[in-house]
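So, here come the structures, one by one.
Look for subunit A in each of the two complexes below; its partner is subunit B in the first and subunit C in the second.
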Partner chain A sequence: MSRNVVIVGAGPAGLAAAAAALRAGARVTLLDAAESPGGQYHRMLPEAFAAERPGRLHHGWAAFDRARRHVLGHPRCTWLAETSVWSLERRDPGDARPPRVHLVHGPDGAGRDRSVLDPDALVLATGAHDRVLPFPGWDLPGVFTAGAAQALAKGERLAVGDEVLVAGSGPFLLPVAASLLEAGSRVRGVLEANPAATVLRGWGARPRELASQPGKAAELAGYTALLARHRVPYRTGRAVIAARGDGRVEEAVTARLRADWSVVPGTERAVPVDAVCVTHGFSPQLELPLAAGCALRDGPEDGTAFVDVDDDQRTTAPGVHAAGEITGVAGAPAARAEGLLAGWLAGGGSPDAPELRAVRRRRDQGRAFARRLAAAHPVGDGWKSWLTPRTVVCRCEETTYGALCRAADDPAGGSDRAVRLGTRAGLGPCQARICGPAVAALLGGRVTRTATPHHRPVAQPIRLGELARPPKEGTP
Partner chain B sequence: MRVVVLGAGIVGAACARELARAGLAVTVLDRGGPAAATTAHGEGNVLVSDKGPGPELELARMSRRLWEEALAEAAGRSDADRVEWDPKGGIVVATTDAGARGLEEFAAGQRAAGVTVETLDAPGLAAAEPQVTRDFALAVHYPEDAQVQPVGAAAFLLGDALRAGAGLRTGVEVLGAVTRGGRITAVRTSAGTVEGDVFVNAAGPWSGAVAERLGAPVDVRPRRGEVLVTTPQPPTVFHKVYDADYVGAVGSGAEELQASAVVESTRAGTILLGSSRRRVGFDDRIRPEVLSVIAGKALRLFPRLAGVPVMRAYGGFRPYVPDHLPVIGPDPRLPGLWHATGHEGAGIGLSVGTGRVLADLLLGREPEIDAGPFRVDRPAVLFEGDDQ
Partner chain C sequence: MSPRLVRADRDAVRRRDTPLSITVDGDALSGVAGQTIAGVLLANGRRAWRAGPSGAPRGVFCGIGVCFDCLVTVNGEPDVRACRRRAADGDQVATQSREAR
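The block that comes next holds the complex of A and B.
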C-alpha cells in the first residue's frame, strides 16, 4: 500500500515536495489556503518580471507551469485549493503517527465545510511573511510592508504613492523598488539599514558566491541596472526611522545608522514622500509546526525562530517533515530543494537514492546562502532606540511602547504572558503575526519568558458556525 | 513571623497581600513569573450565581465585597483600572423544561440564602440581551455577578503586597522541605534554601505535587478547561450569559467531556466562549472536538453569532479537590505548612476571600465565615474521598 502524504502549503517548497512524494510512489494531498498553487513567489512572478525581463519570465514561469501541471494532473494527487489547516491535533504520547490535520474548505464567508485527514506523513511548507519592525509613525496610512506594496503594484496595478521611499534590509528591497517603478511611482531611494561593510562581510566578501544560487546573481544585477536607469539611489547604512504626517504619511525621517542600527546623531533628514515601503526580513509561519510538536531553533534575533530540521528535513515530531522558508530564509530555489528532499522521504523514498545527492547539495547550498543572507542583513538591536513612549507597537490593539515598558517594569507583572495579557499586545486579529517578534525582542531580558509568540492553536480563523459542525473524515 | 508563599498566581497574590498588610514578613516564590500559569488561562468571572447555599457561596459573597473594598481603596490608581472590574451581572438561561425546573429550584435556594435573584420574562430578557436566543424556558438575572481581567487582578493584588513590603522571587522552583522537630523550617528550591516560620502552598493545580515534595500530600488535581476567543465585535453581549447546565457541570466530577456555555464580552471587544471540563491530567493538547462542542453550546444561547470568527483558543487546569471545595488552613501533619488551593473554576473570584480567611486563621482572628468546611484534614483532601 502506498503511503498517504499530506502537504500543507503549495509554494515552491510544497509543490516540489508533492512532485517528489508522487515520484516515490505515495498518494499525495496537497492543499493551500490560496486559490492557486505557487505560494508567495509564483503568485507574483508573471507580472513581476514582465516589464523588464520577459525572457527570464518565460523561462521561470514555464518551469513552474510544467511542475504545477505535472503535480495537479497526477492520478495519485488530490489538490485542495482554498483549504486552510486551522488545527493540528497531536496524537497520544507514544503514538508515532503525525498529527491529524483539521481543514476548512472554500471561500471565506460562505459557511465552509470541515474535514479531517489522517496522514502517514505530513510535510509542512507554510512559508513566511514579511517582517516589519515598529518605528514612530509606522501605523500611519501610507506606510506599507514591502510585500503588500508589491502585491498591490503587481496584482492590482496600483501604485502605493507618487513619491516613495523603500527602506529596511535585505535583497527583497530591490524587486519591491522595481515593481513600484513599473507601477509608475517615483522611488526616492532604496535604503539598506546595514552598512556596506556588514553586507559585504556577510556575503563572504565574495558577492559572486551568490552565483551558487542559480539565477540569483543575474536577478540582482537586473534590478540594480533597472534602479540605475531610473536614477534611484541605493544607500547603505541608512533607514527610515520615523514617518510623519497629518492623518497619513507626508514625510519620512531618514538617518544614518551605526552597525548596530542606532542613529548617528545629527544625520536625521526629512524627505517629503506620500508612501513608505518597509521590510526587515521574513517571519516564518510557525503555528502549525508548534502545534505538531516540532522543536524550533532560535533565529539570529530575539523573538525569531525557525523549525529545527535534520539532514533529511525531518522535524523532531514523528512523521512530520518541514521544508521551505519555515526552516530558514533562502529564496525559492532553496525552498524547492528542501521540498524535493522532504517529499521524497515523506513519500517513502530511500534516503540513499542516488538522485538525492544533487538535491542534498543544492539544499546545502541553500542553507549556506541562508546563513550568508542572515549575516549580510542582520537586524541591529539599535532599532529599539528609534521608538518613543508613544510609538504604537501592536497595531491591532494600539499598544504603545510606553505601555509595554510600564507593564514590563511593574514588579507585580513580571512575565511576558502577563505583560501581553495586561497590555493586549499581540492579542488582536493578527494574533501577533506582525508584532510578535518585535514585542518579544522589546521584552527580552526584562521579564520572565514563559510563552512563545508563535503559539496559535487556532492556526486560521474559523467561524463559530463552521466550528460547531462536526468534520467529515477523509478528503472532502 | 516570616511567611513564604509558594506560588504567585492570584491565590498566592491575595494571601501575600493580606499577610503583608497585617505586618508579616512575606516572600512569594514562583518557578515561573507571577500570574503566568492557571491565572492567565481562565476567565474572570466573579460569580455568586453558580454557587448553591453553603460554604462556597459564603466565601464568594465575602470575596465579592472584598473586591469592591480593595478597589475602592485604590480608586484612581492605574493598576486598579487594569483589574477591569465590571459588575455587569449574570443571566442564566435554561433552554429546556428540565433545565428550567432545576434552575428554578436552585435559584429559590439561593434567594433564601440572601442572593439577589430576578426572574426575567421574554421582553425582559430581550431588553437585557438583544442577541440571545428567544427560545428559552427560564431566564434568571443575578445582579451581583461581576467580571475582572484575571492577570490585571492578580497584578493588582501582588502590587499591593509588594507595596506593603512583601518580596517576590521568580524562577525559583520549590523542591522539598527542611524540617526540624517535625516542623517545616525552610523549603529547598532551585535557588537555594528559603527559611521561614510559615509556608503557604498556593501552587494551584500543582499544589498536590508541591505538597508531596514537602512530605504532606493533598489530593488536588487538574481539571482541563478550554475557552474560545472571537475577533473584536461591536457590543453584542452585555452580561455574562450562561446556560443552566453550567451549574450542574461545576458541581460534577465526571471523567468525560463536559461543556456548558458561558458567554461574555471583554473590554477589548472580544467575546469569550467557555468552557469545557475534562480530566486528562496535565495533557495540554487543544482538541478540536472540544472546541467544536463549546462552539455548539454557545450558539444554542446566541444563534446569531454563527458568522463570528474565532481567532484564538486557550486552556488551563483548574485545581480541584474531589469534594469541589477549596482548601484553606494549616496542615495538621506538618506544623508550619498551610494550604490555600483547590479553587477549581472559581479561584479568581474567591482569591481575596481566601487571603482574608487564611490571614485570620494564621493571626488567631475569628474569620468572618465558618472556615471549617475548607480545613485540610477532611477526607477528600487526604485521599479518602470518593471521587464522584
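The block that comes next holds the complex of A and C.
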C-alpha cells in the first residue's frame, strides 16, 4: 500500500515535494490557501484575466509550468486549492504518526466546509512573509510591505503608487523595484539599510560558493541592468526611517545609517512619494510547525526562529518534514532542493537513492547561500532608535513604543507575557504575525522571555459556524 | 497620484478584461474579473477603508493575508480579508471599524 503524504503549501518547496513524493510512489494531497500553486515566488495571475503571456512576469516560468502541470495532473495527486490548515491535532505520546490535519476549504468568508486528513507523513512548506520593522508612520495607508507591492503587481497587475520608494534590506528589494517599474510606477530609489561594506563582505566571502547559484546571479544582473536603464538609484547605508502625511503617505523621511542601523544625525531628507514599500527580511510562518511539535532553532536576530531540520529535512516531530523558507531563508532554488528531499523521503523513497546525492548537494549549497544572505543583510539593532514614544509597534492594537516601555519597566510585570496582556501588543487580529519579532526584540533583555511569539493554537481564523458543522468525511 | 491597474492594452501579459461592478458602502465601483476586493478598491483610488482602534485609517499592508489590516464585510460576512477575496460582480462590500463606540 502506498503512503499518504499531505503537503501544506504549494510554493517552490511544496510543489517540488509533491513531485518527489509522487515519484517515490506515494499518494499526495497538496494544499494551498491560494487558488493556484506557485506560492509568493511564482504568484500566478487569476484565470479571469485570460492572459496570453502569463510567463512574462516570471523567472523560470517554463520549468515551473511543467512541474505544476505534472503534479496537478498526476492520478495519485489530489490538489486542494483555497484550503488552509486551521489546526494540527497531535497524537498520543509514543504514536509515531504525524498529527491529524484539520482543513477549511473555500475563499475567505463565512460558511466554508471543514475536513480532516490522517496522513502517514506530513510535509510543511508554508513559506514566509515580509518582516517589517516598525518606524514612525508605518501604519499610514500607502506604506506597503514589499511583498504586497510584488503580489499586487505580479498577481493582479496593480501598481501601488506613482512615486515609490523601496526600502529595507536584502536582495528582495530588487525584484520588487523591477515589478513596480514594469507596472508603470516611478521608483525614486532602492534603499538598502546595510552599508556597502557589510553587503560586499557577506556576498564576497568564499566566491566559489556563489558560482553554484548561476540562476540567482543572472537574475540579480538582470535587475541591476533594469534599475540602471530606468536611472533608479540603489543606495546602501540608507533607510526610510519615517513616513508622514495626512491620512496617507505624502512623504518618506530617509536617512543615512551607521553599520548598526542607527541614524547619522543631520542626514535626514524628506522625499515626496505616494507609496513606500518596505521589507527587512522574512518571517517564516511557524504556527503549523509549532502546532505539530517541531523544535525551532534561533535565527540570527533576536526574536527570529526557524524550524530545526536534520540532513533529511526531518523535523523533531514524528512523521513531519519541513522544507523551504521555514527552515531558513535561502530563496526558491534552495526551497526546491529541500522540497525534493523532503517529499521523496516522506513518500517512502530510499534515503540512499543515488539521485539524492545531487539534490543533497544543491540543498547544502542553498544552506550556504542562506548563511551568506544573512551575513550580507543583517538587521542592525539601531532601528530601535527610529522609534518615538508615540510610534505604533503593534498595528492591530495600536500599542505604542512608549506603552511597551512603560509596561516593560513596571516592577509588577517582569515577563513578556505580562507586557503583552497589559498592552495587548500581538493579541489583535494578526496574532503577532507582523509585530511579534519586533516586540520580542524590543523586550529582549528587559523582561523574562516565556514564549515564542509564533505560537498560535488556531493556525488560521475559523468562524464558530464553520466549527459547529461536522467535517466532511473522506478525502475532500 | 494613486494606485492603478496596468492598462489592458499595454499589459505585457496580454490580458482580456471582463468588467464587473461592486458596491462599497453603497457606492458603485467598477473593476475587472480576477481582481481582489482590495485590488478594486485601490484601483479606484481608495487607499484606506478600515479604521483601527483609534480611528486611524487602514488599507492594504501585507497584501497576502497575514496582517488583517484590510478586513471588510462582504455580502454580510464580516472580517473578510479584502486582499484574499476575489471580487464577484454585484458584491456588496461594507467597510469596518475597530474604533470604540
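Basically, the second predicted complex is superposed on the first by the 447 of 476 C-alpha atoms of A that agree within 3 Å, B and C clash if a C-alpha of one lies under 4 Å from a C-alpha of the other, contacts with A are read in each partner's own complex, and residues count from 1 in each chain.
One rule holds for everything that comes next: a residue touches a chain if its C-beta (ideal position, glycine included) is under 8 Å from a C-beta of that chain, and two chains touch if they have at least 3 such contacts.
This one's a predicted model, so the numbers in the text were calculated from it and none came from an experiment.
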Partner chain in contact with A:312 - subunit B first, subunit C second, else both or neither: neither
Which of subunit B and subunit C A:412 touches, first, second, both or neither: first
Which of subunit B and subunit C A:450 touches, first, second, both or neither: first
First, second, both or neither for A:381, with subunit B first and subunit C second: neither
Which superposed partner A:461 touches (first subunit B, second subunit C, both, neither): both
Most subunit A residues touched (candidates subunit B, subunit C): C
Partner chain(s) touched by A:102 [first = subunit B, second = subunit C, both, neither]: first
Contacts of A:110 with subunit B and subunit C, given as first, second, both or neither: second
Which superposed partner A:421 touches (first subunit B, second subunit C, both, neither): first
Touching partner for A:139 - first (subunit B), second (subunit C), both, neither: second
Intersection of subunit A interface sets (partners subunit B, subunit C): 109, 397, 428-429, 461
Residues of subunit B touching subunit A in the complex: 8, 13, 32-36, 40, 79, 82, 149-152, 154-156, 158-159, 161-162, 168, 170-171, 228, 230-232, 268, 270, 273, 285-289, 291-292, 295-296, 298-299, 305-314
Subunit A residues within the subunit B interface of the complex: 87, 89-90, 102, 109, 116, 397, 410-418, 421-422, 424, 427-429, 431, 447-448, 450-451, 456-458, 461-465, 467-471
Touching residues (chain side subunit A, partner subunit C) in the complex: 33, 35, 40, 45-54, 56-57, 107-111, 129-130, 139-145, 147-152, 156-163, 182-184, 247-248, 274-275, 395-398, 428-430, 433-434, 461
Interface residues, subunit C side, partner subunit A - complex: 1-6, 11-18, 32-36, 38-39, 42-43, 47-48, 52-54, 56-69, 71, 74, 77, 79-81, 83-86
